[in-house]
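Both complexes below contain subunit A, partnered by subunit B and then by subunit C.
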Partner chain A sequence: MRPVAVEELVAEALRRLFLKPGADYYRGFVEELAKVGKLALEPVEEKTNEEKKSKEKTESYVFRLYRLEEGGGLKELGMRLSIRKVGEGIVYALEFDDVERWLGFFKQELEVAVKAAEVIRERLPVEDRLPYMLGWVASIVAISEGRLEMSTSHLWQLAETHALFDWSYVTVPGVNLTLEGPKPRFYAHTPLEKLDEAIRRSAESGWLKMLGIKAKSWKELKQWVVENWSGVVEAAVRRLGEEVRSVLEALRDRLNDDKVARKVVAPALLLIQAERLGVNEETLKYFGAVISGAIGGGGHVSAAMKKVELAGGKRAVALLWAAALAALGIKAEVR
Partner chain B sequence: MVASGDDAVKLAGLYFLYGPPLLEGDERIINHKLTEAVELGAEGLDIRWEGLRRRTEGGRVAADLIISEGGIAVKYNVYLRNDIQLQFQSTDRSRVELATHLLKLAGVTAEVKRKSDEDVWYVYVSTDVLAAGHERLRKALAEVVKMARDNGWVDEERARRWLEKLESVVA
Partner chain C sequence: MISAMEVYVNFDLPPEAEAELRRHFSVVRGGDLSNVYRTALRKYAEERVKAVERVEVGEEPFRRVVYAADLGRLTQLAEEEGKAFEKALEILRKRLNEYAVGHGLRDLLDVDEDVARRLAETKAPELSEFKDVSFGVKALAALIAYSKYALGRRGVFGKAAWHWLEVGGSARLLYYAPITAYLKAEGAGW
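And now, the complex of A and B:
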């Protein structure tokens, strides 16, 4: 964060609240805040561990927001303004303490996403939904404590994932203040059983059946990948060279951790597919479905630069993706 | 992990062909990665035609138009009637969705429809929509029209009007 006065940062945050198109889309929310008139901010001391404490103190600010009433009293608005350094940039956001109080201002957006999801659900070109789901799970849909969860500020990502995961709970925990104005941050979750169901269906009559994988749940699918890990490593080595062997072999012991496994299973299955079934129109369609989730969640496509990027996380995961792509004759550079 | 050049074209093509539909309308539900993928993937498109035919004298004139991208191909029927008609139908809706995605890569927006009371899905587009497509598509269709005209299967005046539309914006 460049050395600027905190007043400047707060002014910038408030300026962003009124920028278009966000200020138009979320007019009701902006007007509700604007009618408060005078705002009061109280710095909040964040609870951080000792190691980070001194650094975070200088690189982030959090304020509780109050309405300044006529008699001089303060009324809490149920939200905090957060200003944080992330990488080279600064992220400005309003975080709601009382999520239910502010949710009403974003109901219309949530309805738009649900309607869009209905259209998407009907029009996906691959009938088996599992490859799409595994692509998203490999990117921004996390697995944690028995449930699938996602946080995004893109309404289209909410719509696309809702079409697949049928989120049982969706809320807006805050609003990012961007150069395109306010953008709600959506948070969604659903029981892990949704993924288990898709795995069961796929093993009965879809992609997994084609691959010869008998699994009835995420746990069993992970276990299958662990048991067949040497085949995955060999397939990757054959395409990328002996130097990737040790990195990928080391990954096997970490597959019990869902944080690792969710990123690994999709590219591992694509490699298995290439090994067992080769490349043809049938296998390409499953590859396309997996990659659509992975790019939709964590990729970048630029027609002008003629580039497609996939944020795979750790190097070992990126190598797996590179090997899966190499199986199709697509060369990718791991950075 | 980064794919560049022709590798990126192939990857973008697969992403678009088998990914979710590119929605229209409210800007917030438009997946801008897919929009970029359409533009990039179109570079890998191959369009050709074959099998110009007329079953009976005075019968309908038809040809096959094949649009392919990165190893995935769909064969459409082209009919020359009162206008140029392009059609693909199947009992497999997913296959018809794929056919519309390929058309979108070729610059043509079309919608999957269901035949009433039948488990048959289809996509259908005619002259004016086709004439707004990419140059490679318009060129292939123009070749079909010219060949049919030269065979005496299509009226000269009608062929001239179609060709005017197909060639009007060809660079």
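And now, the complex of A and C:
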């Protein structure tokens, strides 16, 4: 972040509130905020250890927002403005303290996502939902404290995942202020039992049954992968060479951590599938379901560059994906 | 020779391009629309910062420092900036079409807005597909791309437009094929 006056950063954040097309899409929200007239932004000292330790503290700002009334009185608006350095750029966002107060402006979006999810659900070509779900879990859908959760500013991601996870709670905790104007940030969660249920069904009559995996829950599926990890490593070594062995072997001890396991299970199962069943129409169908979720949550397809990129994850996870893709005859570069 | 018609460009032309333009137009130096638009952009950026100020509010001992932002003024500036851009686009489109229709220069200045918008938003690999577009398309695309670039949306033709307009070479931007204009801008370190 180049050194700039705080006033300049605040002006840039507020400018983004009025940029199109976001300002048009969320006109109601922008107009409601503009009605405030005089806005007061009070700097907030953040107390987290992370903030205290990092250099970011001096380069990021959080302000509590108030209506500035005649005579200097302040009336709280139930939101904060955060301006944070992320990599080389700056992320501007409004974060709602009083979520319910502002949710009404985005209800239409949420209803659209729910309706779109109904259509998507009917059109999924693979009946077993688990491979799709594992693809999303390997990317943007996290597992934390007994629940599945996701944060995104893309309505289509909310719709796609709602079709699979049937989120029990969806809200808008804030609005990102982007160069395309304001964009709501959606947050959704649901109990982990939804994934357990999909695993049970898959083991009874779907992809897991085809792979010969007996598991009734996420915990049991993770355990199965741990117990069969040497087979995964050997398969990866055969595809990518001996140099990946130590990195992948070290991964085994971290599979009890859901943050790691959720990224590992999908590519590990694809590798096992290729080893056990080879490449055919049936196995490609499941590969397509997994990879569509993984790309949807954390990758992109460039028709012009004729390439697909999967982002996120440590090097060991990327190597695992590279091995799984190599097993299908797809060349992958790990960066 | 049509001497009454004016072309608003900051001229820094390759000789062959200047000769070609002078066959059809009277050249007006330093008065191009992009320059007018750039001046407006700078003005709005300065005005925006003025709309935010550090003030103290409340009574002692509860006095505190806040940043006060005039949202009414910021809304007004956003509207004016949008209008300034639309106006610049409209005038440019009108002038180019007048020349094209009135003086049989359709091939040279025909403005297909759809193509211009696609050029303004294209990615590097597709840039070479626009090698045969007219001056008019390039001019319109440059203004659109410049606006996006100024907002921070960094497209490749925006990069070219930014470079050539900032170094005062808007005519070269129109003369070169888009891919050449972009590569030269890249080479110049923009």
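Observations on the model:
Definition applied: the second predicted complex is superposed on the first by the 328 of 335 C-alpha atoms of A that agree within 3 Å, B and C clash if a C-alpha of one lies under 4 Å from a C-alpha of the other, contacts with A are read in each partner's own complex, and residues count from 1 in each chain.
The definition used in the following text is that a contact is a pair of C-beta atoms (placed from the backbone, for glycine too) under 8 Å apart; a residue touches a chain by one contact, two chains touch by 3 or more.
Model, not experiment: these values are computed from the prediction.
Once the two complexes are laid over each other on the shared chain, residue contacts for A:Leu19 go to subunit C alone; subunit B is not touched. Looking at the shared chain after the overlay, A:Tyr66 reaches subunit C, while subunit B stays out of its contact range.
In the superposed pair of complexes, A:Leu240 makes contact with neither subunit B nor subunit C. Which of subunit B and subunit C touches more residues of subunit A: that partner is B.
Once the two complexes are laid over each other on the shared chain, residue contacts for A:Leu74 go to subunit C alone; subunit B is not touched. Contact with subunit B, but none with subunit C, is seen for A:Pro125 once the two complexes are overlaid on the shared chain. Within the superposed three-chain model, A:Leu325 lies in touch with subunit B and out of touch with subunit C [touch as defined at top]. Contact with neither subunit B nor subunit C is seen for A:Ile143 once the two complexes are overlaid on the shared chain. When the two structures are aligned on the shared chain, A:Val279 is found in touch with subunit B, with no touch to subunit C. On subunit A, the surface touched by subunit B in one complex and the surface touched by subunit C in the other have residues 305 in common.
The touching residues of subunit C, when paired with subunit A in their complex, are 48-49, 51-54, 57-58, 64-72, 74-75, 78-79, 82, 123, 125-126, 151-153.
Those residues of subunit A lying in contact with subunit B across their complex are 21, 25, 109, 112-113, 116, 119-120, 123-127, 132, 154-157, 159-160, 163, 279-281, 284-285, 287-289, 291-292, 295-296, 299-303, 305-312, 318, 321-322, 325, 328-335. Within the complex formed with subunit C, the subunit A residues making contact are 5-8, 10-12, 14-15, 17-20, 23, 33-34, 36-43, 63, 66, 68, 72-74, 179-180, 304-305.
Subunit B makes touch with subunit A in their complex at residues 1-5, 7-12, 14-15, 17-21, 23, 26-34, 36-37, 39-40, 70-73, 94-95, 97-98, 101, 112.
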